[in-house]
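Given below, in the form of structure tokens, are the structures.
Across the two complexes that follow, chain A remains constant while its partner is chain B and subsequently chain C.
Our next item is the complex of A and B:
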């Protein structure tokens, strides 16, 4: 009788042991899964911010092409506006603070593909950094960039000509 | 009484197993039904539209594309004059052909407008979408009235293109009117 009870006890302990192993395995799996999904969510939010910034820049009157009556053209930047963009966006502390409210920590560059692929314009560059002993130290974990193909309009002798280029918007987290 | 109790215990065990299996299935379903991140879809769709719209607008700066009359230099746009020239002369399109003859208005890079367009657009797309790891497919057809199979003016495919079986996004149709009929261009982007 005693022996039978002992066997039953061992059986119960074994079942409980397996059950708890399964539960621990489940908890571990769930923990890993939530960790990955949090990272994915962070990445997605950063991506959304990159898109947001891209949309803002694509429709920014300071850069976009306009036809006669100030009707904006899709996915087009005016070359003459691009040329003076860096001084507009980062001209003074007031300008910097105004554009920081719009773009936050980001890097916005327009590259020309055709006809001259060596041309590029950095419009805005505000990396996330901290100052330590007078030196700038990188303080971002992630950098997400989005690309959009655009045309660059140049006006000469009343005839608009379009170059091909792309907009690169990178955001820091 | 003892047998009844044993039966109850077995039932509880069974319920626990069923719950565990259900939880596992739910997890698997969550993985399988996970939607594409919004960024991916937006980027693909927006990129397809912006790419084709930019390409169609781009001017051909090559010296041999530029027309000069009455002292005015006209730099033709790819999606307008050159595509129109290609549509008008598509019957004489042959790969590697140097210029298309007297009927053509343009002979950029000394080539038939269709050949030039295909070459130029393929280069530009490779430099951008190709570098960014995207697969794409660009097609331009001329809708000639009374024809069931519209002639293909341009066909560019990268990494096997974007067949319907792949998850793809389209730029939408970019039509232009030409004397030959309506020319429709469309760009597909897939991952």
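Our next item is the complex of A and C:
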């Protein structure tokens, strides 16, 4: 009788053990799967943010080429506005806070390709950092860049001159 | 003895199975419930994120009307709010929501629809400040109370009816006003363009009285540049703002600020969204005139214009009038920009925003003069 009971008990323990092993295996599998899908989702959102930010910059009244009351020129930046943009975007804590709501953690640079490929303007740079012992330490996992061809308009009386360039928008996650 | 032990053992086994089964069942029911809440939250966040993307795209596609099918969320109600210069929208009763402190978004307070309509217009003061975004739905009806479209005051009504093709818009005369029928509309907005039938404590058309109070709103233009907001309260109209709200714009066609008043439910959300534009105007002025233009110190694009002439004496001698219009004349661009920035700062301190119109007109006038023969500001 005792022996029979012992065998039954061992059987029950074995069943329970296998059951819990399966449950733990399931939880582990689900956790790994969730981790991968969260990472994929983060990548997708970062890419979307890069495109959204680029779109916003291309139509930003602070940079775009205007023609009086007519519609602004598409994909064109006014060089005389570019010069003052960085001081306005990062002018004070108030400016930074306002433009952070538009660009978030990003680096926005306009490069000239022709005629002078050495020219470039960094108009906004807000990397994700933390302060440790008075030093800024990098605190981003990923950086996604997008590029867009633009024209750069140089004002001159009656007949503006155009240069070729590209916009580089990098977003930090 | 053996039988009794067997009976106890069998009973014990069943009790054990029942308890263990119930615990396991509860465990999985718990997981399912948790998963259901997580999925609903995720769905609402996804919906709000997609709506945010739609709005971003709509804002930059200037003057384009977008008709967006949202039948998947037609059971949910989208809400829009704006307080202390910060807007917020999301799904009523769900977790997902977006705070919007930059883009002015003019819309009814609630939208429950299978088709959203988005539209944007540029706001100029006098140069482009930003795009205003209008959000409405196919089941929100705009009814213009304007008997005669030939009257000068009704030019806006004629323009509105022409440019909002695809929107739910109707024009009626004062005789048709009392018989207004909401049909199956979710909400109704009446725009009284000077007829005077919409007034404080005035009667709401009979068939509209059955609708919920917040689903029937109205505005009346006291003058083309001043507006009063109303809400249905039982069978009567209730005036929401004692003093008419001024439309701060330069007028003309497609007046973004005036369209904003038509699409806003009340004066508070209208002013809140207009304030977002005035904040942006402060920074745009600094792009054109420099960070310290409010104190009369030129910088930014204005400084580049001045340097263009002053650094080239051969040009300067030929273009004395240009530098005069930009820098030295009593009505120069430099002075006009400085005044404009001071007016923006006063407006943001809630002193007076009406002066913005005059200073913007001054800049526009100088810019037009410069257009003939000189560098222009915008």
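The rule we apply is simple: the second predicted complex is superposed on the first by the 134 of 173 C-alpha atoms of A that agree within 3 Å, B and C clash if a C-alpha of one lies under 4 Å from a C-alpha of the other, contacts with A are read in each partner's own complex, and residues count from 1 in each chain.
Here, a contact is a pair of C-beta atoms (placed from the backbone, for glycine too) under 8 Å apart; a residue touches a chain by one contact, two chains touch by 3 or more.
The model shown is predicted, which means the values in this text are computed figures rather than measured ones.
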Q: Return first, second, both or neither, reflecting whether A:74 touches chain B, chain C, both chains, or no partner chain.
A: first
Q. Touching A:113 in the superposition: chain B (first), chain C (second), both, neither?
A. first
Q: Applying the touch criterion given at the start, work out whether A:163 contacts chain B, chain C, both or neither, answering first, second, both or neither.
A: first
Q. Can A:48 be said to touch chain B (first), chain C (second), both, or neither?
A. both
Q) Is A:125 in contact with chain B, with chain C, with both, or with neither (first, second, both, neither)? A) neither
Q: Quick one: classify A:87 as touching chain B (first), chain C (second), both or neither.
A: second
Q. In the superposed view, which residues of chain A touch chain B and also chain C?
A. 48, 157
Q. Given the complex with chain A, which residues does chain B contribute to the contact?
A. 16, 20, 23, 27, 37-39, 42-43, 46-47, 49-51, 53-55, 57-59, 61, 72-75, 77, 124, 127-128, 132
Q | Partner chain C, residues of chain A touching it in the complex | A | 48, 52, 55-56, 58-59, 61-62, 64, 66, 68-69, 71-72, 78, 80-81, 83-85, 87-88, 91, 95, 98, 101-102, 155-158
**Q.** Residues of chain A that touch chain B when the two form their complex
**A.** 19, 22, 26, 33, 40, 44, 47-48, 50-51, 74-76, 113-115, 117, 146-151, 157, 159, 161-166
**Q.** In the complex with chain A, residue positions of chain C that touch it
**A.** 53, 56-57, 59-60, 62, 101-102, 122, 124, 126-131, 279-280, 283-284, 286-288, 290-291, 299-301, 304-305, 308, 319, 367-368, 371, 373-376, 378
